[in-house]
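Each of the next two complexes has chain A plus one more chain, namely chain B in the first and chain C in the second.
And then the complex of A and B:
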């Protein structure tokens, strides 16, 4: 192992490799910050560039992109309430209110630091967990995948600030939207209304661009003024307070990183769930849950540490079993295959130096991306002072081009528009968009796991209560759904006691 | 007698829309084979029950208040708050009309022609900016998109229904 680390260092410490690493980090930050682009697009677009490169050079370029995108995405999530990448959506809940309160610098500092530390913890876990990765992932069978998805939806609905019913409704609507198109289980095309474009289903990227970026632009356009509610209050001198606050609240960062690494390692679930689950766990464990969604800095630290830690976690199944943990790692898998590296046991035993080159790249890129964001935070925070009538047209056109660019389909622009209108009414009437998004992401895996469970059990529903992990997940679902009633009961009891006193 | 909770008329229309969507979805699901519609129907009926509860929760009745309180975790006096920000419907429709106009424009004449037209007119009519500022904005946005997507990323952006 030590020889592999030395070989990896030898690979990395060349002018070319370091140049590609810096280039990958900068590209990752830019693609992460621009809503609708993201790491998957960046990696896919860069694949042709790697044709003439040595395998470790290609890995440094791609590793740089992967480690930096979510850090870049946090910038637009905090300043504009439009997550650069889907996993940054959870950062908007408290990051944007902080920006509105004039604490954009604090939020950016905390997000960048939590991202770096989360990323490092994910990478360290990757090194530690590789030998036992198989056992961990194999603990989860279809019943557990199904219940994990249901638990994720319920937990997130509960965390939406007293809007559990509306959160569950939007989760159902998100699942309904996810049913459109080709059904992987039966092979049948459903709910396509005879439109060929819908055979592939509702594509996630245009839907998310509409739901978050453009819906927010409509909302800003209706409100007018600047993104910051009171321009006088925009103070950007607290960047390093943001760094300090992460170290001061290290349990939140460690918990978020642990969730991110674990969820990242579960194939198909990915960074979005990791970030939202980390956020909802933080809210549920907090003594002051009512302050979340209104600008609590811990609501920024929790998702940001999780969505960067998931990079290390998602590489566990990718490298160990050739099973991608996310869309981004799926494309990365293609890069490895293109360069003659066969993911799975072969790469573990025959190309350990390549794995350590990737690990070192992720480590350096995490820190580098954070330093760049910290250095530019002051200028970036000024974005919140831009007049919305300048910002709205600029962001809208870039978002629509982003919606079109991924698949070069004009239909995706209309999908973005439809979701933008729905998203605006959801903002207006306080229906959580987050549960809708998660349901849309998890729709396919939820339905597939459900059908696989029914096949395994021969249509016997008792399978959900005869397996240990399933029982734990069912208890967690019940606990999360009864949480608002419990909160109301304890609040009433406290009020009664205070009244008596 | 108005049984609707104060300030909830708009929310009622939205909730009714979601209810209707769920009903239509359930109706459409029955066109598929039992094994294909099993999971969608589970979701559809769950959604229908939740939408019904939401509609009842919007009413200013004992049952409505109980439902609202049970799901929100709020005590009774907190559940009847009227939303603070209520923009005019016309203003909201105008903001949406701009987005619809932009999308249709992109479909008809493509990105590179529609982007400057939209940015210029949006800044001029919505933002009340000077013609010079609008022209700078339109040129900057168009150049950025051209350089970023066409020149650097080698995307061929949509040119409009007449060209395609």
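And then the complex of A and C:
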């Protein structure tokens, strides 16, 4: 193993490789920050460029892109209320309110720092668990996927911001939207209204672009002014405070990274779910859940540490079985095949140097991406001070082009526009958008894993209570649902006691 | 005078514009889109992305791979079916997956497999029935001895894995239940290794990697030799085919150009070298042979159509 690390270092420490790494990181940041474009798009577009490269040069370029996209995506999530990539969606919930309060610098600093630390923890965990990689991947089966998704859905209860009924309504609409399209289990297309375009379902990124970015732009143009509600309040010098706040709240960051790494390691779940689970766990464990969605910095740290940690985590199934753990690793493995490598369960024995080159690249790139964002944060935060007359047309155009660029499909633009109107009415009538998004993200995996579980168990519900991890997850679900009531009860008791005293 | 010259020029311009469709248009003269009806990163994606630059050299125009995923590949196929037959849109297609609508006699799927213009076949691979490396099951006879419905993993109803498992089970006299919703052959292999299902049907190449590591073990091969050993030679007709199609009604001149370029590219020394190194099987066929193959196979699949509800 040590030889391979040295060999990987040797591959990496050349002018060419380092150049490609920096180039990959910059491309990743830009593709991450532009809504609609993401890591998979960037890697797929770069494939022809790698034909003339040596294997490890292609790996440094791709690895640079992979590690940087979700860091770049956090920038647009915070400043424009639009997730740059789907895994950044949870960052908008608290990131944008912070920007509105004039704390964009703080949020950017925290997001970038959490990204770097999460990424590093993901990679370190990856290296540490190599000997038990197979066991980790096999730990979770459909019954556990289902319970994990239910656990995530439970966060809806605490994310309504005191508007329980409205929250449940939007969550139901989110679930329904998540069921549109082809259902792999039955092989049928549902709720397509005869439109071919809907066969692939309501895609998350265009829906979120509409729901958050364009809806916000409509709201801003009606209201006028700037993103920051009180421009005099904006203190952009707070970037370093953002760095500090991550270290101060290290349990949140560590928990986020752990969730990101493990969800990343489970094939077929994905980074978006990882970020959402991290966010919901954070809200459910918080002493002050009502402050989330209104600009709590921990609501930025939790998803951002998770969505970078998932990059390391998603390589665990790759090392164990040669299969991808995320959409990005899937394309990355495709690149390896194009270069004549044949990734399989024996990839670690056959191409150890390739793997370590990638691991080192991910490590360097996630730190580099963060340094770039921190260096630019001050200028980026000025975006929140731009007058709406300039900001609204610019953002709307970029957002719609992003929606189109995702698959060069005009239907995605219509999805974004429809959700823009829906999102605007939700802002007007004070219906929470967070609950809608959680349901939309988790709806598909909830349904699929439930059907799979029932097929595997021959319709026997006991499968959920006869497996160790399932029981742990059930306990977690029960705890997360009862914790708010318990807290209310103990608060009341304390108050009564204080009143008596 | 000037007006007359201008009018004349306009008339001439209109005349030439109108004349172009009548004259033999030069083909190809712009970018050709090579559709992959799945997400980036899978087997179909890799074949197309490896082939595109080689076809580019033969045709002299850019060949751009484009992923149109959705509905288990049906969306991309429908897209191609409805495209203009001008030779600028072609797609990789898999059989038996794309034949499911023809087998079920279903309408409203958006395409009729037999009406596409077939340009050729890139590759074809035989199937194996595999169990987890640790499983006690050693043969088809062992499976039958279990005396219960056998669970098999698949991506979805309407996918190749569904067609193969239904037909193979029918021929072998096995009762199978398909657990669907796994992502690609890698998701299916994890399902078997984890013990979600008893078996799964894998294309030989996807299986061989897991055989080397001992995670999966084949209990029956469905190639000609294996099928003969099982006493069911018909099983060897169940293969995965990676074909290339154009929309129905492609003019024969354009078809010939594309077909020849495709055939030459698959037989290109560079492409063959890649396929060997990346261990991807190749089986080049021309358009006519592909059409014949599809007709035969659809007949064969349809013979088992009562197994597809």
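Note that the second predicted complex is superposed on the first by the 447 of 501 C-alpha atoms of A that agree within 3 Å, B and C clash if a C-alpha of one lies under 4 Å from a C-alpha of the other, contacts with A are read in each partner's own complex, and residues count from 1 in each chain.
Everything below uses one rule, namely that a residue touches a chain if its C-beta (ideal position, glycine included) is under 8 Å from a C-beta of that chain, and two chains touch if they have at least 3 such contacts.
Small disclaimer: the values here were computed from a predicted structure and weren't measured.
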item: Chain B versus chain C as contact partner of A:479, first or second or both or neither; value: neither
item: Partner chain(s) touched by A:408 [first = chain B, second = chain C, both, neither]; value: both
item: Touching partner for A:495 - first (chain B), second (chain C), both, neither; value: first
item: Partner chain in contact with A:340 - chain B first, chain C second, else both or neither; value: second
item: Chain B versus chain C as contact partner of A:47, first or second or both or neither; value: second
item: Touching partner for A:26 - first (chain B), second (chain C), both, neither; value: neither
item: Which of chain B and chain C A:469 touches, first, second, both or neither; value: neither
item: Larger contact residue set on chain A - chain B or chain C; value: B
item: Touched partner set for A:451, first chain B, second chain C, both or neither; value: both
item: Partner chain(s) touched by A:191 [first = chain B, second = chain C, both, neither]; value: first
item: Chain C-contacting residues of chain A that also contact chain B; value: 185-186, 188, 408, 451
item: Residues on chain A engaged by chain C in the complex (per definition of touch); value: 40, 43-44, 47-48, 51, 137-138, 141-142, 181-182, 184-189, 196, 199-201, 267-268, 317, 321-324, 327, 330-334, 337-338, 340-342, 344-346, 407-408, 448-449, 451-452, 455-456
item: Complex interface listing, chain A residues touching chain B; value: 45, 162-166, 168-169, 172-173, 175-176, 179, 183, 185-186, 188, 190-191, 214, 217-218, 221-223, 387, 389-390, 392-394, 396-398, 400-401, 404-405, 408, 410, 413-414, 416-417, 420-421, 424-425, 428-431, 446-447, 450-451, 483-488, 491-492, 495
item: Chain A-touching residues of chain C, taken from the complex the two chains share; value: 39-42, 45-46, 49-50, 53, 66-72, 74-75, 78-79, 110, 151, 155-159, 162, 177-183, 186-187, 189-190, 193-197, 209-210, 212-213, 215, 274, 277-280
item: Residue numbers on chain B that touch chain A, as the complex places them; value: 10-11, 14-15, 18, 21-22, 25, 28, 32-33, 35-36, 39-40, 43-44, 46-47, 50-51, 53-54, 57, 67, 69-75, 83, 85, 87, 91-92, 95-96, 98-100, 102-103, 106-107, 111, 115, 118-119, 122-123, 126-129, 137, 140-141, 144-145, 149, 153, 155-158, 164
